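Two complexes, one shared chain (subunit A), two partners (subunit B, subunit C).
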Partner chain A sequence: MASQDAPGSSQVDFANLYGESDVSIIKQALISEQVCPEILQYQEDLVQRLESQISNQEATIQELNKHAEQDLLKMIYTVEVQRVKYSLRCYLRARLKKLEQHVMHCLDDPEVKERLSEKEVKYAEDYFLLLGQHISTNVLSAMPQDFKGLLRQSSVSDANDTLARPNLDTHVFCKVLEDQGNVEVDDNGDTVDFSKDDLYIVRYRPIRDLVRDNWVQLI
Partner chain B sequence: MFGKRAVELINEIANCTPENLPAYNDELVRLVIEEVNEHYNQMSDLVRSMNRSGQDSAEWGMEHPEEASALVVHHACILRNKRLLMTYVKERAERIKSLKWSSRTAAMSIRPQLSATEVEFQQAYDRLLTKYCRKGTGVGMDLTLDTTPPSDPELSVRVRKDCGEVVLPSGTFFLKKNTCHIMPREEAEGLIRDGYVEALEHDNCLLRWDT
Partner chain C sequence: MQPSPEQLEFFAEDVSVTILPNFSLSRGQETAHCIGGDYGPFQPNFPSDVPLWLAMYLHRHKKCKIEAPAWMSIDRLQELYDQERSMAAVFQHVPYHYIEISRLLLMFAKDSFGSDFHRTRELIEMIRKVRFNKIDSGLQMLQGPMTVKLNNLSAIEINTIRPFFAGALDRFWKLAKMGETEEVPRQSSARVTQGSAESPVRQLRATVAA
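Our next item is the complex of A and B:
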């Protein structure tokens, strides 16, 4: 039935609807977010596009409800939309988890804060307040003077030294998307030739910028 | 030995499986805090005697090596105890949080183990997350649902507890104990997690959450 639809009919062709790319982009974004030690740039446009596509598809499904003979098609559409929703939720969940884990770091470093969505920033602020207050009432308020700080071990500490920061020196699996030539992979100046389609296990820190600029993909 | 009590606190949690939580150890926390205050008093005494001597700290340290090292040890003990206490409270908070993500019934059953402030934390976290999931103030999707990749759009479930008529987006279900229903997976997941229904097929992921 679906295959017999003439082009231009009211049926929405879901290859176009999702555009192969958006689904694969969210899939990659999800994978990167799950394996990367630090929180990455929020894909605002992508999420918005997917959201509108999901609601379009859901409207189509509603429409199909009226035609009993279109059950198979309806099921295919439903599975499709559920999969996309799942990826999207997973993506947001993965971000939220990292956000909670390093909440102070995310708010402390303006460069990291930039990468969050507006709602994530709000969430992080509220969460930080909540956790901070919880720790304060239970522990810090009972500590002697000079040791009451949440961010500092004691009032003579030089900097915020209780902040947990993500470990950027952990190793990640990655795939090279474009020829990169020699890339320095450690502090001794050792280099590795990154050519297209190579797979490596490397420390995250040296390839951080390459990942950000999409030359290298985390897998 | 200094700092031993605080380590006991941490061990209490460490010896517990991740989905469980020992009761909040009020007494031990109080003892650790007392220990910290004792260190602080001793440290303050030493600082005062240093100030009385009128020398600068390096000079004083050369002349009174014993007092100087005591000062350092007391200071280190305070920091260590503070850190352990913070870890204790934080780790408990983490576990309370993770329950919210996995099972709502378990979140309730853990209540007796929590201190009053922890119950407050649990409720506040609940509100915070709900706010983030709601449309308008948040992303508009319940992120705690849909934790496993979907396979079938619909799921057959058996009712475990009478809960009368339930209105779901896909229609109204009359959930009487031991009856079976087919409902959209998304809607079933919430009910499964609350322990009202169980999945009939072994969907390898959507099993009962609360047992």
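Our next item is the complex of A and C:
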């Protein structure tokens, strides 16, 4: 629908911007990770594919060093490898930053912990240990007996209630990739018509599953 | 957390543009096999489609001429500007990264535009202002928790309004959840949007009238 009412060759299609190569996918993964309130599933296959492509390309560059007449080609490859590495770094960093923000939540909730890579779990555990030690020595040691817990506000709390959890009710910008019909965006049953290429600012919680299943893209 | 302006420019550099190379790669290897795709073959004066980053790189080394994208021709921009002005309620379709692309090209590839350079820059600037003007008036409509449709908004425009827009909606939602009346947020939001909208909006109207 939306694509039909905008004819003419002046249009740059989103498909051009977010095509199918791994480079485009990591770019989208990075954007999603940056704007999504919670940490998303780690793209293990994608990162592995990119890492092997980078090392292949670096080997090619080494090979080209022997041929002086291929200088330009070598430079093109070098620039591109740097760009891909940058995207990958940004992606991993964006995840680490979120991990630090909600470290206890990530380790506490098995469903969330599932989404992390092995290295990220290790990082989170180390980070939590340091943070926990720091808080215990500097703050909790001075507290009365019943309020010494790192995870519970007081000894009478019946659950871990000091954990900072991501707020899933924050609003996000998203683009609809495929027609979704009416999507419920409210507890009162209010719906909004999600058509392909529509752009919405909407509460994250109702579209959470759509984002996970890649029907809707965060931007 | 959101993409920084530099990152948006980085993303925009993946857009495809047409170049006229003045070189060819050595024999037996006419195409560049990059991770993001294959580019080339490059033959002097035979147009070739490459991503913007590659075009900029080659241009910087005086290896090619970048063809200005079709949407950046004066006629198209003028048409876009008129449509943008005549329809107050909708945003026209523009390339998602139009601000970044035009900035890069107008700064580093002036020769692509020839004598149209100043007019092109002026038109883009005007289009940008009309659109931001619309966004400002859109923000003033904001009252209470809602889902807002923003078709055809571009990357930088989204980034610009994100903190305020999402923040305001978050607050509305929170207040609605608490069962409070909407009186308080509505007043404060109207004041903020009017305050922030003031100078660019007035300026724009003045230039348009003149």
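By our rule, the second predicted complex is superposed on the first by the 199 of 219 C-alpha atoms of A that agree within 3 Å, B and C clash if a C-alpha of one lies under 4 Å from a C-alpha of the other, contacts with A are read in each partner's own complex, and residues count from 1 in each chain.
Note that contacts are C-beta pairs under 8 Å (C-beta built on N, C-alpha and C of every residue); 3 or more make two chains touch, one makes a residue touch a chain.
Just so it is clear, the model here is predicted, and its values are computed rather than measured.
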Partner chain(s) touched by A:V121 [first = subunit B, second = subunit C, both, neither]: neither
Which superposed partner A:D169 touches (first subunit B, second subunit C, both, neither): second
Which of subunit B and subunit C A:I25 touches, first, second, both or neither: neither
Partner chain(s) touched by A:V202 [first = subunit B, second = subunit C, both, neither]: second
Touched partner set for A:L130, first subunit B, second subunit C, both or neither: first
Partner chain(s) touched by A:A94 [first = subunit B, second = subunit C, both, neither]: second
Contacts of A:L46 with subunit B and subunit C, given as first, second, both or neither: neither
Greater residue coverage of subunit A in the superposed arrangement, subunit B or subunit C: C
Partner chain(s) touched by A:L177 [first = subunit B, second = subunit C, both, neither]: neither
Set of subunit A residues, in rising order, touched by both subunit B and subunit C: 75, 79, 83, 86
Subunit C - residues contacting subunit A, complex: 1-3, 7, 10-11, 13-16, 23, 25-26, 29, 32, 34-37, 39, 53-54, 57, 63, 69-71, 76, 80, 93, 95-97, 145, 147-153, 155, 158, 162, 165-166, 169-170, 173-174
Subunit A - residues contacting subunit B, complex: 51, 75, 78-79, 82-83, 85-86, 88-89, 92-93, 96, 100, 119, 123, 126-127, 130-131, 134-135, 137-140, 142-144, 147, 153-154, 162
Complex contact set, residues of subunit B against subunit A: 29, 33, 36-37, 40, 75, 78-79, 82-83, 85-86, 89-90, 93, 97, 115, 117-118, 120-121, 124-125, 128, 131-132, 137-141, 143, 145-146, 149-150, 152-153, 185-186
Complex interface listing, subunit A residues touching subunit C: 2, 6, 9-12, 14, 16-17, 19, 21-24, 27, 30-31, 34-35, 50, 53-54, 57, 67, 69-70, 72-73, 75-77, 79-81, 83-84, 86, 90, 94, 97-98, 167, 169-173, 185-186, 190, 192, 197-203, 219
